[in-house]
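A, B, C and D are the chain letters, set down in written order, and residue numbers restart from 1 in every chain.
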Amino acid sequence: MNIPPELIHISIALAAIAAFIGLNGLVLVYLERKVAGFIQRRPGPYEVGPWGLLQPVADAVKLVGKQLVRPKVADPWLYWAAPLLSFTPIFLLFLVIPFGPTLTGMEFNYGLLLILAFTGLNVLALCLAGWSSANKYSLLGAARSVAQSIAYEIPLLLAVLAIAFQFGTLNLTEMVHQQGQWPWQWNIMFQPLAFVIYFLCAIAETNRAPFDLPEAESELTAGFHTEYSGMAFGLFFLAEYAYIIVVSCVAVVLFLGGWQGPGAPGFWWFLLKVYALILVIIWIRWTYPRVRFDQLLNINWKWLLPLALVNLLLTLIFVKI
Amino acid sequence: MEHLAYVAFGIYTLIILTGGLMAVLCRSMVRALVGLILTLFGVAGCYLLMAAPFIALMQILIYVGAVSILILFAIMLTRAPAGAEEAPYIFPWRSLAALAVAFLPLAVIGGMIRSGQVAPLVPPEEVPLAELGQTLIEPYLLAFELISVILTVAMAGAVILGFERRIGK
Amino acid sequence: MLHYAHEQLQGDYYTRAFQAGAQEDTLIINMGPQHPSTHGVLRIILELHGEYILRAEPVLGYVHRMQEKMGEVKTYPQYLANMGRVDYLHALAWNWAYVRAVEQLLELEVPERAEYVRVITCELNRITSHLLWWGAYLLDLGAFTPIMYGFADRERAMDLLQIITGSRLTYCYYTFGGVTADLTPQFIDGTKDFCKYMRTRLPMYKDLVTDNMILRHRVDDIGIISVDMARRYGVTGPNLRGSGVEHDLRRNTPYSIYDRFDFEIPAYEECDALARYLVRMDEMEQSISIIEQAIQSLPEGPVMPPKMPKVIKPPKGEAYGEVEGARGVIGIHVISDGTATPYRIKLRAPSFSNLSLFAEVSKGILLADAVSILGSLDLVIPEIDR
Amino acid sequence: MKQSWVDQLNAAGVPKCTEVRKGVACFCLESQNLLDSVRKILELEYYLQDVSASDFQEGYLLTYHFAHFEEPGQAVFRVLISHEHPQVPSISSFYQGAIWHEQECTDFYGIEFTGHPDLKPLLLVPEENLCPLRKDARSKKSFLDIFPDCKLVEAPPPPESEENAGGQESPEEKASKKKGSGKSKVQKEDDETAQDSGQA
């Protein structure tokens, strides 16, 4: 029996994605801490390795080496399944992201839809983690995470739907092809409102400050992952960073022209844009206080959702004309 | 490629059956729900096999990503009795009866297949998304709209019930 | 919600007592003793319905050190060192309150320069206390950066205080009749610089943090403390001035030489957490102004009275030393029986009274608001537990 | 200090102040009229600074410090209660801030505050009854030795009626009130248990 080439292609892509996620996790941890240090007028990590470059590696080794502790009354199966459930879909998500003109794990006509469908699994993972920990803070964190992500998924979907109507496709590579080389040919010029909505919702979906309510440490100690230790916590941690990359990648594809860029289009432009967006997310995190839960929901239902609907209608009108 | 499809079908069937058994046999509600989610995943895989990736993704987006999370939310918000086990374990008779009921449709379908003609194996073709949409809003417009009306009514009913409970408190 | 209510998780004396009054369908959680936003070892048992608090009960005593018993077995000078440990953030005010009480008993005259030195250092210490509160409060609200800025600025003031007091946090600088060491030129220059520096920092904090929309929404209109409530609970300090009462011992019963300086008592009528926040931000400015005036008119002279008794043996009687600390009125009630050890020492900690209203003010609010209110009260747990 | 508010308090029925020094007015009260006085001082808009107890030969001296938000001056209420029956009405119905102060006094001295909502230990371990601030017989001092000013108003009561050492009522009034605060210990005990059950 001969193995089909698609399967080999996908296997290689999965391996590459695994490496990419791990590496990016390390880079982002370092970047976040350095940027936080810069914002807070302190050096950040500088002790381990040159310029503290090995600090994330040391952190990772520490996390891997730590004992995995499960509370006695926690549900044994679901407690361990939750971090895995949070982490595994990420491979699928990266599979369809077009990093370059020819650099896509899997050409898929419904790429956007696949990303949206599988990002939703993260909520399920947080929910299970919170429930199975048998900790009241975790439970509150899980309840918050459900309410938050259900609320924010709607305007996010509506904003993305408008883009899908505009491009007439769900294929991410196709979308990039429809945008031009220069910044004024990127989609953000035509859909600024959708970009703002998408970006806000993405921050909320990835539980980043100022919308990090499921793990609001001043209220719920650590929210849904209060009880997790060692690599189980590490998986949640890694998944959070990976989701940040995913939502940034999607934003770049939908709004910032993907790998397109003046001069030499390619992989580098894509990474540059993704990292610029991530820096903005980090910047926001270290600048703003956390919003309150009812305020969070109010922002969503009273502002983002109506705006997203208006945006969708306007897009439809323009597309038809 | 065809062999691979058989392997995939086997895996999906296994997932569906495991999930179904979990959903039926687990005494903890949340674990049962996880079983249900597994089943839904398996079904999504079967859609993929039938060259309907759109439906498969929609299955995950809606059933796994939204409906089951809402169920989970509802379970978390209801006060379950002390201890993680919500139902007494009833093995011998009732579960046998349940199994019998579960196998009944299987028997019926099996009988039909044996008596009737089995359709020839044709590799499924993917239906373009635009065509799917056209079908929904042209020949099946009435059904489509009826479903949305039913959903709206259900939602309104849920809201009213919720308000009544709150006022009762 | 309690799907895991096992027998072994029944909790201790306080939890059980609290559970006895619980309603159905509620969740009882312990906030503390180890919790990121209680700033120390404070425990609050909460009964939640969803995220709304039905009932709250602070449980104290985790860092209780029986300071009052220590006062009865130590001599007057020995006990002085304890005062910096009661409230480690505004240690000099506690120093001052105790020293004032004993000075009243001894009827000691404090030299003029020593009074100026006390005012300068106490106000400097007040700024460090408010800066730390500011950072920690914003940390409670989920903003990570201000505490770094607050700490960096506080560090400068603490370096200055270290020059003359020799310690960084738990000062024991004032002594009966004066202060232990005179100001050095280095301190005076440094303090002038620090005042100038803070005058540039405070407007920046206003722009960056105080005027932030998210912050405003988090602190606006929560934790209303009416004047009547403040009276019944004995709330003092910035918390009281946030309720619109211009009560400040530095102005009301001017002790030391505070009547010589020109400063305002900031007060806001809103009674909410925002008002308390703004009061403290304004107070830092007023403290800077007091320090500048005091340095300007610093007289020459000794910092200790010419003749001091070898052994401190106050005559029989009592004294109540009151000082306006960063958290409110600090009162130390000393009863002397004519021996070298106090007969009874009662410490009136402002945080103790300020926290006692939490149970009333937190009824029916959101959990996140409870954290915000707790922060806005500016508690120091060792002071509450003493 | 302004004399006016002391006069106001006196006019309102609070017994005459016994000691005025440096802006402090001290009122020695009997435990029976403590609540009335506290209600009056709350009406005069005073806030509660603290409630503390101390151990003297004559009994436990409870000290209530009050001050005003706008005016200078401090009002001190003193109530002396006996060692044998350390009971005093709780002022927590007027000043809720006193709840914790009173609990603290119970922790340190074992004083019982009648009418207190929840007299459980506040600062010390709940399992033990330590009363660490009680003094032993040798180190106890006489209240009148330390506060000689209190003599100004009323002669010290005979030792068997310790609970109203600071009282300034005339003997006739006391006799008329005998049912409320009897002079003999046995009688007093009966009365207080009766009071207790009445309040419970």
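FYI, a contact is a pair of C-beta atoms (placed from the backbone, for glycine too) under 8 Å apart; a residue touches a chain by one contact, two chains touch by 3 or more.
Please read these numbers as outputs of a predicted model, since none were measured by experiment.
Peer 1: Quick one: which chain's Cα centre is the longest way from chain A's?
Peer 2: Relative to chain A, the chain with the farthest C-alpha centre is D.
Peer 1: For the chain pair with the highest number of C-beta contact pairs, give its two chain identifiers.
Peer 2: C-D
Peer 1: So how far apart, in whole Å, are chain A and chain B when each is placed at the average of its C-alpha atoms?
Peer 2: Averaging C-alpha atoms per chain gives centres 28 Å apart.
Peer 1: Once you find the CA centre of chain A and the CA centre of chain D, what distance in Å lies between them?
Peer 2: 65
Peer 1: With chain centres defined as C-alpha means, what is the inter-centre distance between chain B and chain C in Å?
Peer 2: That gives a centre separation of 60 Å.
Peer 1: Residues touching two or more other chains, restricted to chain C: which are they?
Peer 2: Where chain C meets two or more other chains at a single residue, that happens at 1, 3-4, 6.
Peer 1: Where in chain A do residues touch at least two different other chains?
Peer 2: 73, 139
Peer 1: Can you list the chain B residues in contact with two or more other chains?
Peer 2: Chain B, residues with two or more chain partners: 76-77, 84.
Peer 1: Can you name the residues of chain B that touch chain A in the complex?
Peer 2: 1, 3-4, 28, 30-31, 34, 37, 53-54, 57-58, 60-61, 64-66, 68-70, 72-73, 75-77, 84, 129
Peer 1: Per the contact definition, I'd like the list of chain C residues that touch chain A in the complex.
Peer 2: Chain C reaches chain A through residues 1, 3-4, 6, 9, 27, 29, 35-37, 48, 51, 138-145, 148-149, 152, 212, 214-215, 217-218, 366-369, 371.
Peer 1: Report the residues of chain D in contact with chain C in the complex, numbered from low to high.
Peer 2: Per the stated touch rule, the residues are 22-24, 42, 45-50, 52, 54-55, 63, 65, 67, 69-74, 94-97, 99-101, 108, 120-127, 132-133, 141, 145-148.
Peer 1: Can you name the residues of chain A that touch chain C in the complex?
Peer 2: 36, 39-42, 73, 134, 136-137, 139-140, 144, 209-210, 212, 216-221, 285-295
Peer 1: With touch defined as at the start, can you tell me which chain C residues reach chain D in the complex?
Peer 2: Within the complex, chain C contacts chain D at residues 13-14, 17, 60-61, 64, 66, 68-69, 72, 104, 227, 230-236, 240, 245, 247, 252-253, 316-318, 320, 322, 329, 331, 333, 335-337, 343-344, 346, 348, 352-353, 356-357, 360, 385-386.
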